[in-house]
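Read through the structures below before going on.
Presented sequentially are two complexes of chain A, the first with chain B as partner and the second with chain C.
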Partner chain A sequence: MIADIISAALIAIGAILVLLSAIGLLKLPDIYMRMSATTKSATLGVGSILLGTAIVFWDIGIMSRGLIIISFLFLTAPVAAHMIGRAAYINKVPLWENSIVDELNKNVEDNEHVKQ
Partner chain B sequence: MKTLLANIVLGFTWMLLNSDLSYQNFLEGFFVGYLILWVAKGTFSSNRYFTKIPKLIGFVFFFLYELILANFKVAYDIITPTNLMRPGVVAIPLDAKTDLEITLLANLITLTPGTLSMDVSPDKKVIYVHSMYIENVEEFRKEIKTGLERKLLEVMR
Partner chain C sequence: MITDMVITYFAMPVLAISFALIFIRIARGPGLEDRVVGLDVLTSVGIAFFAVYSVFTKNSTFLDVGIILGLVSFLGTVAFSYYLERRGR
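Then we have the complex of A and B:
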């Protein structure tokens, strides 16, 4: 009974987080913030959906698989976000006009590995 | 590292002695093995192992707390029409030296919603972080350095 409530809550929270990241993808003004919004809430959202599923079944095989999927998700999602953000910056995708600082800008010119 | 291996061997031994090959039993054995190694601390198990495991667990909880808090902050900005964002790219000098430390730090920064690690300078001295909420550049730099980075390095070193 209690396990049911916890897992239902976890799955609902996960679904809401995924929905929020989808809205964020449409609403936020520039690509860097969009990357921030999508990858992270999606990671946490999918993580909590998997956790909820593991609690429903309460079976060691399914739980360990869920945990392994979560850990791989946490390993790979930030790498993808980092690469997309970096590629966008190198290809001179502009920041939002209200951005307050850009300390990478003056350094990107003399970075050898960025030029290639 | 050697102590971790010894602990795993003790866990397996416990599992075989109980003739019950299951996860729970292995975890039980691992815990008992941890206690045994703790009693024998300093003889053949290193002291670092026992300061590190509690720190690691503490770090995981600290990071989960940060993750959830930051998620709420971004979620609030997404569902309300107001724009509270003050985004920007900040250069943060690195204390992390090895590739593994820098990779982990960059990954953890990217995992926190609202921040995105953009680039590391070629000499590996500076990491560039894009953040959605910068009240004050110096403040933000200090926050990352004393929060995430110092706690990560405490676990790694």
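Then we have the complex of A and C:
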């Protein structure tokens, strides 16, 4: 009974976080802000839903499978977001017009990985 | 059971609305990078939907789909961003 309530709460919280990340992906004005919304909130929401799923089944094989998906997602989501952001910055995707500072602006031309 | 009610009446409709919003961004996105971000998030929400669906049908085989989907999503995103970096020159 208590495990039922805990898993229901985890799944509901995860669904709300995924919806928030989808709204942020649609409404934010800039690709970098959109990536900030999706890569944090969607990863946490999917992790919460998978944890709720693992608690529902309560079997050692299925729980380990869910935890494997969670750890893999938490390892790969920052790497993928970093690579998309770097590709966007190298291709000169514009920032939002109300942005105050662009800290990479001096350094990106001197970077040897960009130059080659 | 309260989990089945939450999944049927709350989690599945909310995830479906999220799918619709992400598809709007993929269709509208001004550059190719926005569409790659949209595809990345779309596969993440797909993993969540398969997990919820495995609880809905009491069948744990659908969790394996999540493992494979996460792997393919990461490889696809890295390949797309590598291609985008090399495209300009």
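Going forward, the second predicted complex is superposed on the first by the 115 of 116 C-alpha atoms of A that agree within 3 Å, B and C clash if a C-alpha of one lies under 4 Å from a C-alpha of the other, contacts with A are read in each partner's own complex, and residues count from 1 in each chain.
Definition applied: a contact is a pair of C-beta atoms (placed from the backbone, for glycine too) under 8 Å apart; a residue touches a chain by one contact, two chains touch by 3 or more.
All figures in this text were calculated on a predicted structure; none of them were measured in a lab.
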{"item": "Which of chain B and chain C A:P78 touches, first, second, both or neither", "value": "first"}
{"item": "Touched partner set for A:I31, first chain B, second chain C, both or neither", "value": "second"}
{"item": "Partner chain(s) touched by A:I60 [first = chain B, second = chain C, both, neither]", "value": "first"}
{"item": "Residues of chain A that lie at the interface with chain B and also at the interface with chain C", "value": "21, 23, 35, 43, 77, 79, 81, 86"}
{"item": "Chain A contact footprint on chain B (complex, rising order)", "value": "22-24, 67-68, 70-71, 74-75, 78-79, 83, 85-91, 106-108, 110-119, 121-122, 126, 128, 130, 132, 134, 137"}
{"item": "Parts of chain C lying in touch with chain A, wherever the complex brings them together", "value": "1-3, 5-7, 10-11, 14-15, 17-19, 21-22, 24-25, 31, 33-34, 36-38, 40-41, 44-45, 47-48, 51-52, 54-55, 60, 63-64, 66-67, 70-71, 73-74, 77-78, 80-82, 84-85, 87-88"}
{"item": "Sites on chain A touched by chain C in the complex", "value": "4-5, 7-8, 11-12, 14-16, 18-19, 21-23, 25-26, 31, 34-35, 38, 42-43, 45-46, 49-50, 52-53, 56-57, 59, 62, 65-66, 68-69, 72-73, 76-77, 79-81, 83-84, 86-88, 90-91, 93"}
{"item": "Chain B-touching residues of chain A, taken from the complex the two chains share", "value": "17, 20-21, 23-24, 27-30, 32-33, 35-37, 39-41, 43-44, 60, 64, 74-75, 77-79, 81-82, 85-86, 89, 95-96, 98-105, 107-108, 111-114"}
